[in-house]
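In the part that follows, the structures are each spelled out as structure tokens.
In the two assemblies presented below, chain A is common to both, partnered first by chain B and then by chain C.
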Partner chain A sequence: MIRYIISRIAIAALLLFGLVTLSFGLVSLLPGDPAVALLGEYATPADIARINSQLGLDKPFWERYFDYIGNTVSGDLGKSFFTGSPVSSEILTRLPNTLIYLVPGLLLALLIGMGMGTWAAYRYGRAADKTFTAGVSVLMAMPEFVLALLLLFIFYQQLHIAPAPLGMLSSVDIPPPRVTGSVALDAVIAGKWTTVSSILSRAALPIVTIGLFFAAPFGKTVRTGLLQVLNSPQIEFARACGLRPMQVFRYALSDVRGALMTYMVLLFAAALSGAAIVESVFAWPGVGGWSLDGVLKGDVPVIQGFVLIMGATSLIGYVLLDTLITLLDPRTRNTVLHAKKWHFGLRSPRQAATTRA
Partner chain B sequence: MTGLHVKDLVTEFHSRDKVTRALHGISFEVGSNEIVGIVGESGSGKSTVVRSVIKLLMPPGKVTDGTVTFHGTELSNMPDRKIRQLRGKDIGFVAQNPFSALNPVVRIEKQFANIAKAHGLKVDSESRSRALELLTSTGVNDPERVMRGYAHELSGGMAQRVVIAMALYLNPKLVIADEPTTALDLTVQRQVLDTLTRLTRDSGRSMLVVTHDLGVVANYCDRVLVMYKGNIVEQGPVSEVFVHPQDPYTVSLLNSVVRPEAAPAEAGLEAGPPEAALDARPPEAGLEAGSPEVESNPLAQPPAVVLNRRGQRTATPDAGEPALAVPAPSVHPTELSESRST
Partner chain C sequence: MSIQGLPRTSPGLRVTGWPRRSRNFLTNKSSTVLTAIAVAVIVGLPLLALFAPLPHDPFRPDTNAIGIAPNGIHWFGTDGNGMDVFSRTIEAAKLDLPIALAATALSLVVGVPLGLFATSGRIGDAIMRVIDAFAALPIIVIAVVSIKLMGGGATDVILAIAVVAAPRFVRLSRASAMTLRSARYVEAAAAIGCSPVRIAFNHIFRNAYGVVLVQATLTAANALGTIAALNFLGVGVKPPTPTWGAMINDGVSMLIRGEWWAAAFPTAAMLLAIASLNVIAGAVENKIERVERVR
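== the complex of A and B ==
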């Protein structure tokens, strides 16, 4: 088992290395000169050369690449060309800010999608199912920022329930003393509950935005998956044995849970890369808006840092997912638990099972 | 009124622009301690009958007319909750393919327990030993190990025995078996059927078997219903129907089974119909393509398959070599392994 997890992690590390290399290569190929962007149109060639040597951009490609890899491995992701702040500390402050609305938002999406998708599947072809399908189509056709603006219009402008979309803290909130770097976490540690509740009330609309936006595709997947299972011989037999509807539902769920978990992790990756949109609308100090800014300005260390954390978070998600799915299914669990040899996913567990038998 | 009585059952499949009628008002009964077979070609509505009876049909399928009475209780207008309590407890169901019927990620033990729980029974050592007992009587080796394991660890025959044990777990009065052996190897089919009928007869149950294997009907059933295109074209005691078929479809169905005159007894395969049916067969009817009866018959002839003595499947028997009749197998050898892996 441990070998299996290690092999997965090794693969993930290799993939991450490849991703970092790719992002370095692509960013280097980007048009535009950071020095020009930094100094403006009327910079003298001497100034540009000075800035380039300051940023290390005058060195040859390979030298820069090995410098970059070496620094990344030692945890130094460089400094922003524009603000000069270290990328790694920016990430440490901003990533929790993003996760604070992203994770609850996705959980909300899970809840809504699961509930509505199940309901639609059980009422297949009836009014409830048709309403669900129409609702999903509308939500999926709506860009995330339109949804966010719509929610702002209703809850902020009309109903005055939600606070203004002006970031995570209001001007009257005093930031807590810095402990972990994450403002929300520091507020909890410092016991500043007014700040905590202020953050939560400001996070509410981003959470609902993410929740509704991702509930649509997730609910659709739940519905499709369940419909397939509900018509399967397995569920028919369960019903023929007189199992209670709840038991039948649990059987059906055990069949689709792998697919749903996979989809959830994919949605997490998608939500993280799309964080820029929500964060722009709500002026949220997370990684999304920051990375978008970096991309627009050609701030190379920022872009590379964002790609790195995106890749790392997604890959960690996939490793956890893979392990969990393998352990949840008795058909694959045994092969992994009693595996004699290393196999880097070259043989499928099923093949391995037949070989053993 | 004992047993199962079905009267004028109509089942339809509703789609957006049309209604397909799968059953055109069929009536039959299954008496106590009686084994009734339903035969017919694919798409004749055999499986729809049993699903309509215990209300297993999923939308868009719908029973639109008729009555089903089981031991004096009217099922047609019974609420779903009550029907649910009937299934598994009073009417057991043996599925076609055990590997797609059993839950792959739940231990066999737990699946038995879930059935007991669903019917409000206590799950304890007693309920467990009842399951073990049943597994033993269905011929499962080492039932303790099977109970602790999962479906994928079993062979096809063993898995189907587990399904049978689950169907009989709460001692139902009626067992409905939907092609209980089509997913199994030919050699295992017989053992499983022997077990199933023995357990049915020994405890005075009745059984409704759906099959397209005429041999199964001949060997195991008391009465037979012949279905064609959603109608029962003929029903009666097996000896009657097989010896004196009245309906042209029954005649052609019986003729579709290739029975060369000199079927060697030593071949050991006894899935073919009994001697009586052989004798009753009109001499001119057979495999010969030019046979007038075959030509004039408007009904489609299901393809026949013949096993010659070397075990090859051929459309016609080897010249001069006696071949043995086997009703067209419905399952490909590959299908079994595929279904196991899913």
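== the complex of A and C ==
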């Protein structure tokens, strides 16, 4: 058990190392010259050389790679080429802004997906199920930004309920004194409840966008998973024993729990990487819009930092998930620990004969 | 996969309703018609853009007709630059749909062989680890980074989408290969001395292509959305050329003012194309199910 968890962490550490290499390679090996991007197309060669030596880009490839790894390990993700602000502190102040709508949005998706998916599974083949399936296919065909714009059009333009998509604070809100760097947290600490409620009302549409967008695939997974379990012999037995419906549902749920948790982590990673879209529609000052800006300008440290943080976040998520699933589900424990090594590749006739014998 | 043997009655929550023959909520005949329409949309839209005469020049702004509502002359109205929304929406199909299909084809060509051969050995393991690392990376960001750094033409968009989509095909074809290679006929093929390449394509892939085909159609639908999202963010094909995503982006400021048409019509065209591809995927899935049931 502990050995398994340690092995997962070791694999994650290796993957993290690969991620650092990838984020370095992705930006360094592809064509495109940061110095030219920085100075514009009419820069003199002398200026370009000066900028290159300032940014350390004139060093040989391997030296840059080892420098990058060394700095990353010590927590220094470099400075933005354009604004000069350290990437790590930018991420620290912006990540809370993203999480403030992302996490409630995903919780909303969980709630809707769980509820609707369960309902559809219990009503298999009937009107409710068909409505659910049709609704899911409509929602799944809709890209995130279309959904966001649709909500914006209905709730801001037509019904005038939602505030304008102009960011987290309105111009009349006074930003709270800086404590943690995250505006929302600072507002809570300073006790400025008008600011907090202003932020919340502005976060409402992003939350609903995320909630609806991810409710569809999640609900579909819930329905498929539950349908399989509800038809299984053990649930039939549980029913035959006369257990209360809620009890039966709990047993059924414990069977699909692992798969659903895996899916939720996948959705979290997807939501985080798609944050740029929601944030560009709502002009939200989060990590997604910032990284998109960096990408569009060719700001190498910003891109590398973002790729690294997103990748690391999802990797940590996967490790936590694997651990949690092993703790919750005794079946995985045994098979994982004493797994047989499967080594049947495309076998040569002789190999096939020996294994057969 | 069909769901069989639902208990008819139960003491607690009742799970009622017998499984239907067709999982589709539409009857067979109307679903055929629907599929035909879907295919017509996917094939017809680019052809229309290529050959049909457009009522207005999709590239020339008309300064006398900025932001006018749909009427007899401008069927879908005009956008903030005075360009005809109808002409641009059709013109965009010429680029958006072929890019999505080409990207899917490319990821198929790269992903499937990788998956078929990544089933064992060190190299196979290495391939899967690389795929895992890719899965941990933010998709949109990778696409944006690579398009941006490569320059931003149509081919770069195709490459970027293919890179993002290929891992899915690797996983899928690998999973099929893992289950199928212990089949008797694969063993028999190996016994009579077929080469691994022949086994992989002629024996394994032939029995797994259905799933891959369904996934390919879904991937194309997904790619359309991703391409639109990229263009919406301002990455990809350069501005004067119309794409659905870029048109929607242009239309947002008008949408906020209540002038819905500049954003709504390209959105509708894109959703129509995505829905058509999804319908085709469903049809292919049903077809395969029926074939497998006969077997």
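The working rule: the second predicted complex is superposed on the first by the 323 of 357 C-alpha atoms of A that agree within 3 Å, B and C clash if a C-alpha of one lies under 4 Å from a C-alpha of the other, contacts with A are read in each partner's own complex, and residues count from 1 in each chain.
The rule we apply is simple: a contact is a pair of C-beta atoms (placed from the backbone, for glycine too) under 8 Å apart; a residue touches a chain by one contact, two chains touch by 3 or more.
It should be emphasised that the depicted structure is a prediction, and the values quoted were computed from it without experimental measurement.
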| item | value |
| --- | --- |
| Which superposed partner A:Val295 touches (first chain B, second chain C, both, neither) | second |
| First (chain B), second (chain C), both or neither touched by A:Met310 | second |
| Partner chain in contact with A:Leu99 - chain B first, chain C second, else both or neither | neither |
| Which superposed partner A:Phe145 touches (first chain B, second chain C, both, neither) | second |
| Touching partner for A:Phe153 - first (chain B), second (chain C), both, neither | second |
| Which of chain B and chain C A:Glu236 touches, first, second, both or neither | both |
| Which of chain B and chain C A:Leu22 touches, first, second, both or neither | second |
| Contact breadth on chain A, by residue count: chain C or chain B | C |
| First (chain B), second (chain C), both or neither touched by A:Arg244 | both |
| Which superposed partner A:Thr133 touches (first chain B, second chain C, both, neither) | second |
| Intersection of the chain A residues that touch chain B with those that touch chain C | 124-125, 230-231, 236, 239-240, 242-245 |
| Chain C - residues contacting chain A, complex | 3-7, 10-13, 15-20, 25, 119-121, 124, 129-130, 132-134, 136-142, 144-146, 148-151, 181-182, 186-187, 190-193, 196, 199-200, 221, 225-226, 228-229, 232-235, 248, 252, 255-258, 260, 263, 267, 270-271, 274-275, 278 |
| Complex interface listing, chain A residues touching chain C | 15, 18-19, 22-23, 26-27, 30-32, 122-126, 130, 133-134, 137, 140-146, 149, 152-153, 156-158, 164-165, 227-228, 230-231, 236, 239-240, 242-245, 248-249, 269-270, 272-274, 276-277, 280-281, 291-292, 295-296, 298, 303, 306-307, 310-311, 314-315, 318, 343-349, 352 |
| Of chain A, residues touching chain B in the complex | 124-125, 230-234, 236-245, 247, 251, 254-255, 328-331, 350 |
| Contact set on chain B toward chain A in their complex | 54, 56, 58-60, 84-89, 93, 95-97, 100-107, 114-115, 117-119, 150, 152, 163, 166-167, 176, 341 |
